[in-house]
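Encoded as structure tokens, the structure appears first; notes follow it.
For clarity, chains are labelled A, B, C and D in written order, and residue numbers in each chain start from 1.
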């Protein structure tokens, strides 16, 4: 199968069969919710580039479900009142990201439970699974994702969603450390900007797992 | 103090005072051992770029100790026989990095306990602390670093060592998720290559903490 | 203050002041929901002894709130379909507890999200906090309780609810390991039976923290 | 096979086959070192009852090795200077256990690295594995035991050593929460005293796993 190593296409074969077995794989889709993706001035943590991958992610998930691969949607959810974030030790990005982009007007509303900002914009099927206590950047911390994957006997995770250089990358690190094999279809993730997206994918491809195209992965699964 | 946000210098002030308090800070120095840094054909996981920072790191640590900031040296150590890595589910980098650089001749010897590959090349003072069950990429997993920092009442960690785009970056993610403030002096870390080093620092500066120069940090601590 | 060490009353003084500072304390109330406490033949995991502590816990929480001590209610919640438990590797208690009590008729319904079995029977005030991804026995695993407590700058936790010899005990172990000080008011917890309740309290008092009466703790806080 | 549920013998059959497969099992032997077991007035944390199980544990381990079951020896090790314990937030037992037994004269020497107090009194074979960053009570926290077991594809752990009501019990809770099956041969563990030993085994048998005799387990493995 074709993979992209530091951006360059390369063929890999049987030695990566464990990364490509749909019976041991789950898709982990990260933070495809209104809080990042709504096209409005109130959007608390805008990630406009990721709007382009909503439809491709939905199409990929439909094909994956048809092959029996479970879809796990992960979202950031924070408690009202800020006890798990802004009322205590605010998330690091709240301090640093404005140094780059300036003030983020509605960022205090980010991911607050019970608001529309936590609604998924991608399709969630009845049989899909949801993980919703992501409070910081990784889909693994502090959530039950690891226990869920163990209990499902999943060995490989496919990551889609956003940001390639932030939550996707952090989740890929955590997954690799915990012995999961990692696959990232580059057409289903988006980064802060084109440079960081490319860099995030390069880092994943060198240290953490396989960077692919979703069509190639689906072909491989369907063989 | 001057910081580098996405590579550009910028002044930050009192609003980052919690990142710059030496009484609540520890330095975490990552993987400055022979297994990455020895200049020999047997070196199991070569990181030649990081040799340039051995002397600067030693100088920085001496100044930090003089100010009462503890130094924690973290190193990868793996059991003989491979039960925690190559005899089971090999670390992800063993599968992916050779796709970029070709076979790594002596990589099975990487970090094996009791060999010279785990010897630090930086100076370790008697009062320094060592964390030595890093088995994968993060200094936090699966080690006792978090418990140690809590017990020491440390709130901010300064990272030096290698790789900017790998273990440094992963440790910065884990630290930020666990509510630690992160500072990375860019003159004391090195990446896989210049591009990934710059990208790693950009990612840290946007999402995780402050990227500085060590001289500026020492001045700030000494005020 | 009077504590109970291995069941015997004993006075402790200033040396335990860090266990008794209401400004650094949160109450963690465990699994006081219908799934354990409803008096009906359908109750999926009956803990009838704990019904006796519903009113005392409510009274204690009211007094604690008045003193500014936050209340964190933790509950077990499991996904429909069983992916995080019975469809994979069932919780250990599902295998072993029936060896003692015989089949538990409706246990597959235990803690299923969206059912009445997850409703709290104790009072939840608007300012209280809820942790709801307890999937197994500890309030810490796999939940965000540790991150929440850190973010709130809590150093001591007071445990109430059930079972003294199971979830309370497991949570006390996890808390002590993570450097939290532990206090358990013995009048606000109940165990599987009187023998195991006494044993659970003895274990806590020797290895993990202080066993008290709630009235004594409130007096101490009010000083 | 015969198991002991709340102290009473009972036969279990095929429904517990996953607990009894030697190919998926490792033995985890906890804290059988001089710091608990040396018969001297300096012994920093005396557990004299556990001296009785040294020889039986050695015999069991020899039989297990012959059947291909790996032995993992876990020991508490603390840094000189106390940064991970007494110089910061002392372990809970240091505060509470003396309320029961009075001052423990040499307890500051407990588990200090490089001293004889960390030497195993049980036999360690060359092929055995060692986990040595247990800093508190559980063999899982903060150690690499979970990663090691995953990497070895172990699904069931057999616990021996001490204390039944403390480190054994805490490890059994952690293992069960993380989806491992737990088996505890009651003739190979010892508690603080006879009452707490019996209570610890009762708690394990109801909530966490199977309590057996080692001879029965070996017979079962040898079938």
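In this section, contacts are C-beta pairs under 8 Å (C-beta built on N, C-alpha and C of every residue); 3 or more make two chains touch, one makes a residue touch a chain.
Please read all numbers here as calculations on a predicted model, not as lab measurements.
Considering every other chain in turn, the ones in contact with both subunit C and subunit D prove to be A, B. When chain centres are set by their Cα atoms, the one at the greatest distance from subunit D is A.
The two sequence copies subunit B and subunit C touch through a face in which the numbers common to both exceed half of the numbers used overall. Centres computed as Cα averages put subunit A at a distance of 34 Å from subunit C. Centre-to-centre, using mean CA coordinates, subunit A is 39 Å away from subunit D.
Touching of two or more other chains is recorded for residues 88-89, 136, 141-142, 147, 150-151, 178-179 of subunit A. Contact topology of the protein chains: fully connected, every pair of chains touching.
Put simply, subunit A touches subunit C in their complex at residues 70, 79, 81, 83-85, 87-89, 127, 129-130, 133, 135-136, 141-144, 146-148, 150-153. Of all the residues in subunit B, the ones that touch subunit A in their complex are 3, 5-6, 10, 12, 15-16, 88-89, 91-93, 95-97, 99-100, 136-138, 141-142, 165-166, 169-170, 173-174, 176-179, 181-182, 192, 195-196, 199-200, 202-203, 205-210.
Across the interface of their complex, subunit D is touched by residues 147, 150-151, 178-179 of subunit A.
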